[in-house]
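What follows is a pair of complexes built around subunit A, which joins subunit B in one and subunit C in the other.
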Partner chain A sequence: MKNQPLSLVTLVALAAGVAVASFVSSGTLLSLLTQAVIYALFASGVGLLLRQNGMVSFGHALFFGSSGYGLGILLQLKLMPAEAAILVTLAGLALAAFVIGLVIVRVPGVAFGMLTLAIGQMAFLTASRSRGLTGGADGMNIDWPSTLFGVAQSQLFKPGNMFLLCWVTLVVVLLALTLLLRSRFGSITEAVRDNEERARFIGIRTLVPRATVYALSGVVTGLAGLLSALNTGFVSPENLHWSLSGVALMMVVVGGPKALWGPALGAIVYFLFKDILGDLANHWMAIFGVALISVIVFSPTGLAGLLGRLFQGRPQRSVPAADAARPVVATGTAH
Partner chain B sequence: MSHYVLQAEDVAIHYGGVKAVDGVSLTLTQGQIHGLIGPNGAGKSTVIDAITGRRRLTRGKVSLGGQDMSELGPTERRLRGLSRSFQRTSIFGQMKVRQQVELATHKMGVVDSEADADAVLQELELMHLADVTAEDLGYGEQRRLDLALALVGQPSVLLLDEPMAGLSVKESHDLARHLKALTSRRKVSVLLVEHDMDVVFGISDVVTVFELGRVIASGEPAVVRADPRVREAYLGSAA
Partner chain C sequence: MLTINLFNGLVYGALLIVMCSGLALIYGLRRVVNFAHGSLYMLGAYLGYSIATQSNFWVALVAAPAIMALFGVLLDRYGFRLLQDRDPLTVVLVTFGLLLVIEDFVQTVWGKSNLSVPTPELLNFTVDLFGTPVPAYRIAVIVVGAAVALGLSLWLRHSNYGLFVRAASTDPTTTAMQGVNTDALSAGVVGLGTALAGLVAAPFLSLSPSMSSDVIIDSFVVVVVGGLGSLAGAFIAAMVLGMVQALGAVYLPDLAMLLPFVLMVAILIWKPAGFAGSRT
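This part shows the complex of A and B:
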């Protein structure tokens, strides 16, 4: 029963994607929408980490750029077919993210953010300076084969088809994450995020769930990187730069991380702003900055939270005045 | 084999030159409530932290059912039946009441985790709040939820760190009543740190008094209450 609305929403979302791909004839608009959807996936990865682990990453471009480079290098070396290279890239990324996660998710708060920044910038510098392998600062072209999963390149690279591929990937990823987070795994990660100490004292070993969420968010972001490499046929050190991680984080804040679809919404809004304001002003980021501050101040749960309140409203349980005056939930520190 | 459910022997926690707890030995038999009292800073909570593995022992040994647990972490100790609550309410604020209790029963390896969660919620009169998000509960209800999380999975020992802190007199008495009933029904042994003397002396089988990280008296409540050292160090003339 609980999955019925979800199935309906998924079908509507897929149908909307098909409609856009079929009825929008402007290649420029489709290209913009494709880019927005790729970044929506990127932001969903960053948002997942914030939602389930309560952790802010300033270096998620690591996964966005690494997937493109990983795939590009595998194709360049002609070690395997492109389809296998895609799977190997994602599997390698998941493993690397899990191992990195096992080390860095132990570190709380700002220090964690700084570690993600450091690791991301290490990858940026490595890619920038390994001219022989990555093309250095000039980047590298991705040598896509003439067919991919049986689809001819000429078909795949049509703007409508590319948009549809990215859109369907986004919808499927969000659906899969929703189902995963409704499972026991979702409850475990929520518990660890809310109160790690108490989680330990109800028998949860907290490190692996946190590292798994980190790896999962890395894979989602890596998938966005692969789509970007497919869309542009190119990857450069800019794909690894911290400023890209910052942009993704802005999308998450604007959209709101509490709902899984919030960061994706933030990415769409970001690109709309960029397109509309970019025509009006050179410094459109300054205007977007004002919008960002407004969202943080007036709706800390982001646009998704705002929409949630408008359309659903959260049922509030009245708390007796005497109770309301007392301290609320703490995080289990006893001295 | 030891007949004690819990045995702490010569436990010491030192921070450099500061001896927060020094040479403390405690025992618990099945179904017993053992009250720990003492002024602030006496080392009561530190002892609970030491027994549950939250702080590493400088010296000493902690055994549960005769098995040495001194080298185990908190999660492993919990899985072996040593449970605790915290001085400050320690629950999962953004999760529903039933969701978190059920998660706890599942992680404790209870086969029918739903049924065990329901039983605990019934016992602590939280069933009607099962679908409420924990942060929306009243403070007294949050304290009961905290106790529920500590009780799932049939622990053999429960260490409660000031469970009555911040509660009204009525709420304190209600919680004490629940505690006494649960102890006999579930055959769980309780180590209770509490400042409410009426509660401690009312429900404990044994009371131990701490001062400056050391035990200054231990025994039946009436004997401890009459001990001149205890009156001088903690209870004062009002006792």
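This part shows the complex of A and C:
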């Protein structure tokens, strides 16, 4: 994967999306895929936090739900056009996530998870108890305008187009993250993740990069929340509930957080699997629970790690540029 | 009005005490944040329901906790202990998987509809409390909560096993090096605690598939706010939370719901080591 030019992978991914959107005629399958892609983006946000910060969030539904609510409220108050509302929601989310991140990323390990859980539940309770603006436990409808970014609503809501929009967003986000993490910012956050103390010794300020990663992961998940609000036209407190955060976390673990695309793979496998199971899907919770436990115990790198091993015949690891020039045999036996 | 609300707060607090003792113990011994704890409580409640409808409440009161204790021991032996050397976050996720499996199992066996266990005959009367009639059964719940709190505290403080458990909570490795094996017993206590909580709750809360998620978050709050180091802290926190829930639901519905979480966030930020003392 790493050696192929990034632009080629991106083009193939985009072409695959166009192919799916134009050749899959079944509306139910397309809407299933759309949902899968939205959750793929959700899980990518959770995975980013785990990959770059080594932190597990049990409350990422906070960003998934509040982006939908933020947008819904802005549209309901008719303060600005929908296009501006989308940008304002994302910017507000980024700022809020960064500020929250500044406070909570100092807290280590499991306590961080508990903290995210508590903050998420606070948002959930607030949304489900406040009537008026947010409609309380019933949720709220989002009044999308008839045209969005110049595209008519009737066009936008065609299953194929909706899928394509979500897919392109996912691909672009993953591409942007890949590029970002190849930069100095990526190296810094990795150094901080692996050993914060040593990173500080060599003069890196560790708090801001970690809070930035938290904010970034919040925005990615928030983007998924916006797509979900667009797809369903509806947002409810369920979008903020901790069990949703838990499900996203499962996707991340099953997919494999080591690769940037792992969580997305986990989400898509999750939805396809659930669909294929058909009648057995009543038991998908148990099946996925067992799958989760097995993956954690037997293949901690998840499906992505498994695929990496299959295709490359050796454990996937990031090979620095200087290393890549060496004969393959040497790196193969080094492990 | 105030009397009955205070009383209900006491009842819920007592229930949380029974719940949290198990959660705090397993954290102390294995550094496991057990997301499946609420599901175990639910499983215990449903088991108790089945036994109670087959025979009677009192048989269930003995049998369900016994079965759950055995389950707890097996879970610890073949689950948590094997994962002891792994990253604590990994183990948290395993318990999350377990939660899903148990929830599905319960829904498959007992269905999704609400079930209820009738109050046992012996306790089916009301007592006059400062002019307010209260069900005797709820008084029994408070007594059970108090007994669990007292019993556990005495056990931890004065018995040899209690000493071992406290030692293992402080430093598992050193304790093990000195040849102490606290495993089976502590796991039994965890199973026992969850089943007892489930069963005790059964006659006055209806059984439903959502009962686990209702209670697990409250339990986390209690354990975090109370501080995992001390069971006593958790007991006090359980009582406070019970009161806040009961009184808040009546007088300040919107604010009181958030208060426990505000407390939890404040404590975690101010003193995270209380909860996650071990870094890895």
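Things to note:
Assume the second predicted complex is superposed on the first by the 306 of 335 C-alpha atoms of A that agree within 3 Å, B and C clash if a C-alpha of one lies under 4 Å from a C-alpha of the other, contacts with A are read in each partner's own complex, and residues count from 1 in each chain.
Definition applied: contacts are C-beta pairs under 8 Å (C-beta built on N, C-alpha and C of every residue); 3 or more make two chains touch, one makes a residue touch a chain.
Values in this document were obtained by computation on a predicted structure and should not be read as measured data.
After overlaying the two complexes on the shared chain, residue contacts for A:103 are found with subunit C alone; subunit B is out of touch.
Of the two partner chains placed by the overlay, neither subunit B nor subunit C lies in contact with A:156.
In the superposition on chain A, A:191 makes contact with subunit B only, not with subunit C. In the superposed model, A:306 lies in contact with neither subunit B nor subunit C.
In the superposed model, A:204 lies in contact with subunit B only, and not with subunit C. Interface residues of subunit C, counted against subunit A in their complex, comprise 31, 33, 35, 83, 88-90, 92-94, 96-101, 103-105, 108, 213, 217, 220-221, 224, 253-254, 257-258, 261-262, 264-265, 268-269, 272, 275-276, 278-280. Residues 56, 103-104, 106-115, 117-119, 121-122, 125-126, 129-130, 242-243, 246, 249-250, 253, 282-283, 285-286, 288-293, 296-297, 300 of subunit A touch subunit C in their complex. Contacts from subunit B toward subunit A in the complex involve residues 45-46, 48-49, 52, 54, 73-75, 78-79, 83-84, 86-95, 99-100, 103-104, 106-109, 132-142, 149-150, 152-153, 161, 166, 168.
By the touch criterion stated above, subunit A contacts subunit B in their complex at residues 184, 187-188, 190-191, 194-195, 197-206, 316-317, 319-320, 322-324, 326-335.
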